[in-house]
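Two complexes are shown next, each including subunit A; its partner changes from subunit B in the first to subunit C in the second.
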Partner chain A sequence: MRGEALYVDDLLIDGLLYGRLLHSERPHARILAVRLPSLPPTVTVVDWQDVPAQNQIHIVQDDMPIFAKDEVEYVGDVILMLVGPDEQQLEDLLSQVRIDYQDHEPVFDPEQSQQIFFDYHYGHGEVEQAFAEADHIFSETFHTGLQEQAYLEPNGLIAVPTTRKMTVRGSMQCPYYVKTALVKALGKAAEQVQVVQDVTGGGFGGKEDYPSVLACQLAVAALKTGKPVKCVLNRREDMATTSKRHPSRCHYKVAVKDGLVTAMDIDVLMDSGAYTTLSPVVLQRGIIGAPGVYNTANLRVHGQARKTNTVPNGAFRGFGAPQTFFAVEMMMSHIAVALKQEPLAFKARQLVAQGDMTSTEGRYHFNVSLPELIQRAEELSHYREKRQAYARQSEARYRKGIGLSLIYHGCGFTGNSERDFIKAVVKLKKRRDDRVEVLASNADIGQGIKTTFAKIVADQLAIPLDQIIVNNPDTDLVPDSGPTVASRSLMTVGQLLAQAAAKLKQVWEPGKEQEIEEQYQHPEYMIPFDMERFAGDAYPTYSWAVSVVELELDRLTGTADISGAWGIFDVGVPIDYNIVQGQMQGGFLQGLGYSCMEHLAYSPAGVPQQTSFTDYIIPTAADVPNLVTDLINNPFSHGPYGAKGAGEMPMVGVAPAYLEALEQAMNCGRLEHVPFTAEDVLDRLGADPDRQQAEPDTWVSRERKAAGKPAAQVKSAGGGDPACR
Partner chain B sequence: MVNSYAPENLSEALRLLQAGKVTPYAGGTDIMVHPRAAASYLFLRQLPELGQISATEQFYVIGSTVTYQDLLTQTKVDLPDVLLQACRKVAAPPIRNLGTLGGNICNASPAGDTLPVLYALDASVRLARFEPASVNVKDTDGSISYRLLPLRQFIQGVRRTCRQPDELLTEILIPKVRYTLTEYEKIAARKAQAISKVSFCGAAAAEAGQLTRLALAFGSVGVTVVRDSQIETAILNGDYDIAAAVKAYDQLLRPITDQRSTAGYRRTVCLNLVRNFLTAVLAQTRSGAQVTDQ
Partner chain C sequence: MQMMNEQTGIPFILNGRPVRSLSAPGTRLLEVLRDEFHLTGTKCGCKEGECGACSVLINGRLVTSCLIAVGSIAQQAVLTIEGYRETERFAVLDAAFADMAAVQCGFCTPGMVLATEALLSEHPHPSAEEIRQGLSGNLCRCTGYQALIQAVRTAAQRGAGLW
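Right after this comes the complex of A and B.
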């Protein structure tokens, strides 16, 4: 560690100007007039009129404007940019700009939204028949909240215009996404646009779509002024206006016969925010994972993403999966308790296994390692023993609980996207000095991909690691090997590099310049994915995880001490053990934040309320002093050295494990949302014990309903203790 | 051009303070959250007069620029453990290395971590100002005048104290009182680096089965730390049982909902903690009574 890394904020270029953004203060309004203060000659205004080609940013669709023209759709929508040599002067001038708005009625609740951005259905089997024949039918609704990526370095870029091309550089995950958006916005040829990634201080998905937005704004400003223009968001601006995890509502209706789940009918609603951005793909991953790791012979899944007048939600580690895996794991646990069974035992009886059908009529082609992971989790955490012991606690101030969840993460892009859209290409360039440069577009954003790429290539070529060069990607130099997303970089691009290196080794001639190119081949075993029907192999393979959380609840304050946490992971084979451990621990911690403290809410006027690290609380190491993460080996035949996707998975299963533990400690019935804060705990402990039963979405088993007994009795028969105080 | 100053002694610091518009700067951990480019700072940490910890017969005397870390590591004076508990809950090591007890007081945030303890322990603050009439007197001590006032009087509201612009807080005085039971609780959204949602300090002394002293202080539930002598006296006198005391605090406290927590949560936690503390105090007092009876 030498401290030599230069972030975009550190970069100075001759003639550099700064750009500061004017954000909408209204959630939904028509712009009637823009009133500017008198501007010094050094300051330039940039707005929609300056966009040379298309005033929409290409992400998946092209609906988000670069600069709002007539309408603003959320508090934070960008109306214009002031460009000049002095940032403080720009801030002062921005505060004097007056916008006349004509307000429209904003929509903040996706349930109330009439604008459905995406609507998907899929399923299989005889769902109605399964419900008709069920012994029990359970239904419940779950909610998950917003989450901010909280990368250390805020978003920031520089646009540099030259006579021949536009160069945009800075903090990003996906140089070619940024390039495609710029080509469309500027109406330039591909070779006239260059995108360079600089050292990037974390992304977690938050630098998947947003850099395309800022890049278009800055490139328009650079074109107009003819000077390089830089914008690095400040922390509050970044937290208040850039993408976050989609809030969700998941409704589950589950049929149980002879003690096993026979059908699931699932309805998922995600809050897209003001524009579509990445919502279709987030929703797809979410609904594909909705039945969890369980065999569900009869399945019906409906998913929607609807518009609200809030910050557009986008990518965040897990990408739709944390929402639905939370819901299905809680649902399975609740059913087990209602059936007077131990949750893990109930779940373990219906796990998918190799050769079984996936939720989308694909196949689990490879070993499903969950039984092994469960065994390891048991050895480390003594889950079953503790679960039983904690069921016999007194109603004292402090009470313990332990919870466990089972999840998978589908590795790489959903469906056929790698084959049909990404078509990844990598190159290896051998120099005359026999050093080998890796040419791939994947960005090291702190996850260590430079190290793992270099290790793969060095090992294949049997040359020392320091003979491998991996620079930050520059679209003028590297082919498009796809974005840095979806836990794909190592598994998919790393495999291409391994193949390229193997080829280079065969033709290696010392002292000679050589270049090898390798192109993506869709694995032959994969059942083609039908995007209309959601049928086929959604993913080439799956990583698996068991998460265990043990906690001690202070019932006077509603706060919980996490006394133990265990994450057991199957990422195939770790290429770099320390990097994978770092990912697993960091992801687990992010999952804990999602579970209990990362509360982010909008004011009634649509303004995000927690926009600093003082108010938006992410966990520290002190919150989970005893975190244990462990790996098993389960080599993937089509990944480099057996590696599968790793980065996103550790985040996915933590929330249901935490909440199951909290439920046991609270001993106060079912919990159904995250984050479940200390405020929520006291609220629930102090609540009328019958409150849950008074909610419209009741917890009813069909038999008992038919017998005419009130639902409250069903719930207490299901193991919940009505004595909540 | 902005000047900042690093005086060598208190007298020089006070003269600089009187002369111009300078902002006293102890640890800087609150000031630097919102740094002002045009501010002129008066650095205080190097002043020997403000960095001492000592004890007299009646008081613990803590210099205003003593850091939390100093308090936690010093071995000279046997400081009240409940104060040290609060210091351990402040932020994280970098802030504890810089932040000072005097700064915590002068910042006058209702969420100041040590304030409920200092309120409960009846701390006073000593303020110094320079007397211009004595400019030419060689004995510099003679040129400084002091006033002493209870902390509860010194802090007047959110970020509001009655320190005059030419005054410096020099020392915090904590009466040496033997308590038989103390408790400090900081409730925050995470275990470190957090601003409290609620904080509580209870201190009680019992003798021969009689409750002789009681102090109950609540942080982050009002514009200043909340302490109510009438309720405390009523409990001491036996006019209030636990239920009546809790009810009295329920009526007294006026917490708000903000971006960190809710009014309802803050109220419930305060009442839970005060009920819990009083229950422990009464249990201890009763067991003391039994011992005395034998």
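Right after this comes the complex of A and C.
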């Protein structure tokens, strides 16, 4: 507030040098030669030859090079770094570097890609039989686009070498991820690498994996020069070269019998970009959520992440879930319309409930609050009433629409990762002055985790909040309590802190130094998750949300004015009401950006076309609708004070709610992709009926016929007259 | 710091104090503030005048300091967050932003505070639409703006007479 918080770009360090990166200009090529201009003695070149140990960055796998050696795989791949005392001079020199490339054929379309990074299957029941016995079979394909995290502070770090160790500090979500990557790259012992998080200006997933990349590059440079080296990306560089949300294509084939869904056959394809980075885990979360919040007795899910010669896609709030929840919610809505039913009524008849089986043969062990959330959403938004009223509108220039979506967010890591890989540890350190320091590796990136951690510990110990100290994590001081991801920090690590505080209270001795350590225990009720079969409890519990969007469309200009938006959330019990509301509101608005304005695409040469806030448009204060967010209490027995995961969820359900509203307002048939921009609206409204019919997606409702007779294919109007104007 | 020679540099008023910048006249004011005067409360988010993180007030008018050449502000009064935070008006904003939980990651906040000052100077009792328009040049990715809008409204009520 006072401008006193020091972000990495604000730090002054003696003898500091700057590092500037040379990025590939080609999407897929062999490097034949690197031609450098004559360099002043103060400038050092750093490339793959300077990497002391492994020239691959450990993320999940180790396939992304620190510096490209022979091959570049996307426009933006880092070839070398110039290091020197004057940033402008480095930029000038970089512009004079010439690379001789031998181009290979790049692949930009994941459908065409032959390189499958990850391929998963799971399912249960008798899918073929369910389709054979169905009254109707619907199939449709959905697409979602790239999305840039657009944290206000760009990525940036400083590597500081000393005789004993390498210290890397700056903007990040996961200090121990960075540390592990550095240990592997530098070939150093763990105690010779220190990672410190500085005040971080937003992350949203964009500072989950990328800081490991920049940290390795800077540490190699610092090792070579023996000086501290800083690199803060400029906005265009950050947008053009760092991870984004995976674009997706989801194909759904759904069987309906007696008015209920009896089977889903789902095929999900995610565009991984040039390297694997976080794609396996993003894909896992995406496909586990693919059947949505509905009981599906017969299920078959196939998911792939394929390589393209584009920026590696990574983590972004929701982590695969916004893609598949968008698809399944649109699918369910479209089926309802085809069956001449109101979408919410159709969905509500087949919701999962406590005790039901999850998509992966686990259990919903706890109360599923969707009926309560729907009721609250109805009270606030009058969804059903408006939905009916807007269906009777005339074909005027201005038309209204309202849409609603139902989603969950699986809290914490997928599967057994928390138990098998993270093994979180926290400590509480009581000082002689009876102040208590929280030692955990979770980073405050604006989500307020320092505040909520402190509140939990203070309350357990029954001491004032100002007696609790929470510093930014430093791997020399804090144990590894895992990364700041997956809506896990408060639920999982907060619970460990609550337990540690309860223990400390038992042994509390005034005026004495005391330390308590607490380790993660996998909840006993969980059905172990089999990663091969995707079977078992994928998550310890689920948070739930209903999102409603109401809009008025100007069919002449294609612009939609969001006249109302409601987000009703079950995050268990909020530890800090204001913080949770802030998360819900911020996440909801990112969801609206994803729905209608945040468009990012590559040129035919593989160059990102939107790399600044001038052309990649995120919502401003003037775009904010009358957003109402509300919380219900649904305590989680294994979370601190009943809290569950919160941060990611508000993002997940907005796009399908927006598009369902837009569909109603356009009255022009089914919509199947986001972002759906004003240009898309005009394009669709102006499309001639013949062109619409020629679209590749088939939308067929198959009437059930007597056994042995081929089924008739009946084209369904799907809720709109193709002549839209 | 820099030489206070009448003949050298570009003279301007920085947070109420006469100073001279020895940077080249074409240097961005943002860089002059951060690198020459070490006032790092002004943040760099895009250097293209789009995000508003580098907002400062020049003669009371809100500008993005990344698009201002220091040579163009001779004799003018620049107010940054470091100067503004010493004022009574800031104290009102500080409390309102805290009470409404309008700060998350904090990176946009100094610019947002100065945008609020400019807004309330023009509209001491702003309507909801005036608040939205007044903040619309400053991007925030964390809050969804709801808490910010509430904070401005609260500050306008509590600070009646100050603006």
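Methods note: the second predicted complex is superposed on the first by the 703 of 725 C-alpha atoms of A that agree within 3 Å, B and C clash if a C-alpha of one lies under 4 Å from a C-alpha of the other, contacts with A are read in each partner's own complex, and residues count from 1 in each chain.
Simple rule for what comes next: contacts are C-beta pairs under 8 Å (C-beta built on N, C-alpha and C of every residue); 3 or more make two chains touch, one makes a residue touch a chain.
Worth saying up front: this structure is predicted, and the values here are computed from it rather than measured.
In the superposition on chain A, A:Ile116 contacts neither subunit B nor subunit C. In the superposed model, A:Gly3 makes contact with subunit C only, not with subunit B. Put subunit B and subunit C next to each other and count what each touches on subunit A; the higher total goes to C.
Applying the stated contact rule after C-alpha superposition, one finds that A:Ile13 touches neither subunit B nor subunit C.
By the document's definition of touching, of the two partners only subunit C reaches A:Leu627; subunit B does not.
In the superposition on chain A, contact is made by A:Val199 with subunit C only, not with subunit B. When the two complexes are overlaid on their common chain A, residue A:Thr557 makes contact with subunit B while staying clear of subunit C. Of the two partner chains placed around the shared chain by superposition, subunit B and subunit C are both touched by A:Thr614. In the overlay built on the shared chain, the residue A:Ala53 is in contact with neither subunit B nor subunit C. In the superposition on chain A, A:Leu465 contacts neither subunit B nor subunit C.
Shared interface residues of subunit A, touching subunit B in one complex and subunit C in the other, are 614, 618-620, 622-623. On the side of subunit A, the complex with subunit C involves touching residues 1-7, 9-10, 12, 149-154, 199-202, 204, 234-235, 445-448, 578-579, 581-582, 585-590, 612-614, 618-624, 627, 629.
For subunit A in complex with subunit B, the touching residues are 397, 556-559, 597, 599, 609-610, 614-615, 617-620, 622-623, 677-679, 682-683, 686.
Contacts from subunit C toward subunit A in the complex involve residues 34, 38-48, 50-51, 53, 80-82, 85, 94, 97-98, 100-101, 103-110, 113, 131-149.
Within the complex formed with subunit A, the residues of subunit B that make contact are 92, 185, 187, 189-195, 197-198, 259-262, 264-265, 268-269, 272-273, 276.
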